[in-house]
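Two complexes are shown next, each including subunit A; its partner changes from subunit B in the first to subunit C in the second.
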Partner chain A sequence: MSVADSDNTLGGDVAAPPVSDTPLAGGYWADLRADTPGLIGVICLGTLFFIAVFAPFLAPYDPAAQDIISRLQPPVWMAGGSWEHLLGTDHLGRDVLSRLLHGSRISLFVGFATVLLAGTFGVLLGLISGYAGGRTDQWITAIIDTQVAFPGLLLALLILAVIGPSMTTVIVVLALNGWMVYARMTRSVVLGLRQTAFVEAAELLGCRTGRILIRHLLPNLAAPLLTLGTLEFARIVLAEAALSFLGLGVQPPATSWGLDVAQGKDYMFRAWWLVTIPGLAIAFTVLAINLIASWLRVTTDPVEREKRYARRFGAAG
Partner chain B sequence: MSGFVINRLWQGAIVVLSVVVVVFVLTRLIGDPVRVMLPLEATAEQRAAFEQQLGLDRPILEQFVTYVRDVAVLDFGESLWQRRPVFEIIVERAPATLVLTFTAIGIAVALAVPLGVIAALRPEGLVDRVVVVISLLGLSIPQFWLGLLFIVLFSLTLGWLPTSGAGGLDHLVLPALTLALPAMTRLVMVVRSTMIDELNAQYVKVLRAKGMLPWRVIGVHALRNSAVPILTIAGWELIRIVSGYTVVVETVFAWPGLGLTAIQAIERQDLILLQAIVFVTAILVVVLNLILDIVYKVIDPRIEMSAK
Partner chain C sequence: MSEPLLTVEGLEVEFLTRRGRVQAVRNVSFGLGPGQALGLVGESGCGKSVTSQAIMGLVQLPGRIVGGDVRWKGRSLIGPDAADYRREVCGRDIAMVFQDPMTSLDPLFAVGDQIAEVLVRHRGLSQAAARARAIELLDMVHISEPQKRVDQFPHEFSGGMRQRVLIAMALASEPELLIADEPTTALDVTVQASLLDLIAELQQRLSLAVLMITHDLGVVAKLCRDVAVMYAGEIVEDGPASRMLHTPSHPYTAGLVAATPTLALTRHRLETIDGQPPDLRLPRTQCSFRPRCANATEICSVAPDLLPLGDGKGRLACHNPVKTQARAAIASDAVHEAHTASFDAPLLSVNNLSVHYPIGRHGLFGRRDVLKAVDDVSFDIRPGETLGLVGESGSGKTTTGRAVLRAVPVTSGSIVFDGQEITVLGREPLRRLRRDMQIIFQDPYSSLNPRMTVQDIVAEPLIVHGLETEPGRLRDRVAHLLELVGLPADAAERHPHAFSGGQRQRVGIARALTLEPRFIIADEPVSALDVSIRAQVVNLMQDLQSQLGLTYLFIAHDLAVVRHIADRVAIMKSGKIIEIGPVEDIYSSPSQAYTRALLEAVPEIADNAYGVTGSNGAPSSLDAPVV
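Right after this comes the complex of A and B.
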């Protein structure tokens, strides 16, 4: 209740609001319920996870099973569509719905793995850089600055051309391209906390450096890292789709939404659904993640929370 | 000022050199250029001849020195695909990419500033909500898919614009719009939030109280004070587009720039051409960063001169 009380005094001169309306009065869940777009995002992403996990049981067909006789069938609601293939079939007669369901696995897995890999590496370097200071900090900062100025996507293409595209390469390449943001943010937060009383107290008590980093500094990074990680997740899902679209990501016979758009491109005029449906799936997924990210950003940032709070009661009063 | 420029030039040189080292390690040490570039049925003699042609039979350190020297004088070698100097191809293709990039960033700024300002006038009003929703959608739609939808709508269905390739201005419209949209949506959010903060500032209240016309308060005073953050983000978007985001759009619209050339080089296993495009892009990014830094400095003299 302490959070609610302090917010209450801040808003006191505008209009005395009821305690239950104050942000975070009932924790994240209550705040989420008050934020409709965020709630929609969470529900959508939850559904997608469910689909990704249970795709083999949900999909009516094997996503790679070809059936040339029933190729390019339109979705069920169009003339010539049938209930056998709800979303129609592609140029090889593969079931679009089944490919769609299976495609969610690649998008979410690549997104998660990349964020985890890049995040771990970036946070670790950021912690070391911010805490150690001096030479170490200078070197790590120089590496970050240099790599930020790299033509990242083109270098990624070169790596994929040299090593050969696969899901693992895509994850590694995207992580190599994305760790710097985590490192920069971690470093700046740690620099701010370096001289605070609780860190100095821990040092005086004789805590080992590792313990200070993990137990005392890392928890302070949880909220901003969560927001950043979510935003990066959305970016990675788009990047994976783009690489697969270019033919440099996930390789057939595996399925990816980006790959499906690329394959449907040649049949764009005869079979618009082959391009439209997987593209919609990507947009839907990224939108859900973005909604969660914007909710998290406002909720976990005290300044943003106050602004929103002031607007809410400024408008009402 | 000159100290500042020299400092930045030095940093830029380090970036380019790092890219050269990374590319060298990638293509010569991790990957096998002979395996990637020659067909599988090549004979042992052909392989040996090819190795000699590229200097791959030399000690690795000597290879590296030659490599850096060649890049320094922009001698990237001969393209395996087109059988002519790579530099020629790049000079031929670069203008298309630059035209596309600057048109896109121009469109993004021209749309984002008025939209963001109007949205900021009434936070959470109708226009603001529409702008926020549109920018969320713009951030979530994959660029290649948006390009394809544009082609279906404006070229195939309505027949207003050509589907692909280069030519007159009409060829530029769809690729530039596709490239501009994500940049525009991020920019609009920045314009909106900085303008909301500015319009809540004390000086705006003073100007309003003394009876200054609203368009002057907003357009001259508040907007000028938001110029630095807006320009910074616009600069980032420019760099982002240059550093590789044209690849996807150029591929969708068959726009004959460096991005499409990079993809064609990959398809034809022409690593020499591909790595040259990476170098040239790296140099371009460094130069643009330098120019942007100087521009920020001119606009806002408060910005620190030193590197840190």
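Right after this comes the complex of A and C.
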């Protein structure tokens, strides 16, 4: 049989330009090392996570310990600063550095938990909506539209006023305000994928709906979801800070960056570092995440990846 | 030969990829004089489209031109110094028509405005003059009622009409050279035929030079006086079409000619070119065709140069050219014994099947409009038989196939499979039915989930039907199936992207065979594949049929391929089967005018080798907009 032994050479896909559609040949790590901004982002975020996990061991003081006598001390490099309090103290004499380290825990945890909760809920609804179509789709789309139209802050105020602020409530409130993006994106991607032949093939093979959603559709959503999730993470960190700033987020004696900014605002002109230092921490985190997101966007898109490679190679040689 | 209009000299284009430098075009040289028609022929990935992009200055990262020159009337078009000249020439003197008429027009503007834009920009006409000229141009490409249609939007035109509009747009700037990159590949045969006639006519009338890029030798035969065959980024042979298509010298050209199905022969095995094109990342040391060449000898380890033939009839890059005639070789291949269309009870019996779709209504309480996608269709298929279902796009052939699979709702009629009425089956019995009835898809790229390995893809049917769950036995089953369809065993661990189109289609066939079905619906299984690969897959399907006793419903728009595989053929038009019968009868003495039109429209190598098919009147009536 001439056909059987004909084409034994694999990898001969010579259509130009050849573009692969699996993640990466050398793995994400190898790709990351070649992308400096992305690498910086990952290192920064990794450091932040390290700090968040080991905050109790790293922090020189109890973040809640007050010491009225040494209140409003400036950071060490300013006149009147001391090595005892590297980044100075706040209006109650609490160590700013310790509060910063501990605050990272809540900020990052809230970000993570919210993205996970909102993502799961949104993706699930988006999958169902996009795949089922018809009435179901109309209803879910209507819910999404209503939720988008409803002012997020008002909803947050309502819920927080009724239930009372706590970290769990903050997460739930932020997730309630954020799931629509995932649902919409998932729905639009699924609407496209539903028409493709491999989904039809799965249906005609006798796959049940659940399997099609989980095995066939979800993996093809991984790349855009990863990018979206990363960007949302940055947004959530800011949103938590905003809620805490308004006094509706994390409640003292717990600490978060947003809360620190809020409490420091009254002393803005006498002790600028109380607002600036946690503010910088927030900006720094968001920047790191955005660097990672833009790297992920390029890396998960085969066409963009090839272009980036060619550009770099063309510049070098 | 007159002074060349376009000269391509030693053109080299490469693509920088993470997996290496792909040398897509290697040392390509040719010239094109005024009024000449050159066919640039080759399979996907051979560099023919990249060559045309290089001429138009359209090569973009990750691709780049690394060597050679493209000259228009003696002046170079390549490099930063030539940017002004290139902008001046490309689009005005050299115009291009692309493959996909559906995406090449801006849906937001009337076609007349799009043509007028070219006139205003390149010819400096006023708006009013441009509009008048646009109407003239539409008339020139045989669009009826151009005054009315000039204000219509692209969605109001069918595919063939849009391609005409694109040609009109290309001609607006009064170019001297028209580059047509697979202009008819996405279209139906009858539409293709009328478009080829149009291009031939315009070429004559405007003494236009044409560079026709195509994989279809039949198209070349109809239109071009000269042919250049590309393989692995190089021109391996060129010369007049009359010689190239009938007594080709290069084994690859001969293989292409032999692998092209013809209407003349029935159910013989198609000639194939075994193997795959070479990896273009590797340096070229030996002859790139050597691994697939039957004539290869020791000397072929040195790459041959493209040298002029002694008789001045073109150039050839081969150490051991073919001596015999390509076509003659096939005739000895004996006619496959026709399948015994026995008196068995039919495996599948379709009676008065209709599938209607609602497409809105007139006013709020008005009559509901329906689209009769399939309209009162009846046919039988006996065990072991292949029924070819042929029709143009929109004829309802795919819907018929889907209806038999119960993948679209059936409006009325009955489908009896193996004595069982299947239009009334509920969800679970239908799932069981899937084990007996499977489908092979048209597009081997989109029908395989890019995130799954071949192992997962082929094993999935067994898992979802709960027939096999033990990983070891699953692996064995998949290995067996891959062997059956001629894929290497290590294919199982790879993802679909690692394979070429033909290999992916084999994976699709393996998946369809996993459940050991008796009946397979093949929905245009080879129309997305290259000519030589197409032959491999058709032969594989025939082999599997005789080994496993399969029954096929073979849906296609390509009459030539159907002739090779089918026992009986049904012609569909507007949702109805207008003619059905044994292959020999239908092809030799069709009773319907439509069938005759279809047969005549197939571009064949045997057609007039000097191009220029006769006169052309109004566009084919088949060219009317679809629904």
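By definition in this document, the second predicted complex is superposed on the first by the 275 of 317 C-alpha atoms of A that agree within 3 Å, B and C clash if a C-alpha of one lies under 4 Å from a C-alpha of the other, contacts with A are read in each partner's own complex, and residues count from 1 in each chain.
We take it that a contact is a pair of C-beta atoms (placed from the backbone, for glycine too) under 8 Å apart; a residue touches a chain by one contact, two chains touch by 3 or more.
All values derive from a computational prediction rather than experimental measurement.
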Partner chain(s) touched by A:Leu291 [first = subunit B, second = subunit C, both, neither]: first
Which superposed partner A:Cys207 touches (first subunit B, second subunit C, both, neither): second
Which superposed partner A:Ile69 touches (first subunit B, second subunit C, both, neither): neither
First, second, both or neither for A:Asp145, with subunit B first and subunit C second: first
Subunit B versus subunit C as contact partner of A:Leu154, first or second or both or neither: first
Partner chain(s) touched by A:Met268 [first = subunit B, second = subunit C, both, neither]: first
Doubly contacted subunit A residues - partners subunit C and subunit B: 311
List of subunit A residues in touch with subunit B within their complex: 142, 145-147, 149-163, 234, 238, 241-242, 245-246, 248, 258, 261, 265, 268-269, 272, 275-276, 279, 282-284, 286-287, 290-291, 294, 311, 315
In the complex, subunit B residues that touch subunit A: 11-12, 14-15, 18-19, 22-23, 26-27, 30-31, 36, 123-124, 136-137, 139-145, 148-149, 151-152, 156, 242-245, 247-248, 251, 262-263, 266, 269, 271, 274-275, 277-278, 281-282, 284-286, 289
Of all residues in subunit A, those that touch subunit C in their complex: 1-22, 25, 196-198, 200-208, 211, 215-216, 219-220, 222, 305-307, 309-311, 313-314
Interfacial residue positions of subunit C with respect to subunit A in the complex: 15-19, 22, 24, 44-45, 47, 50, 61-64, 232, 272, 274-280, 291, 405, 407, 431, 434-435, 438-439, 441-443, 446-452, 460-461, 464-465, 483, 486, 488, 490-491, 494-495, 497-500, 502-503, 508, 511, 515, 536, 539-540, 543
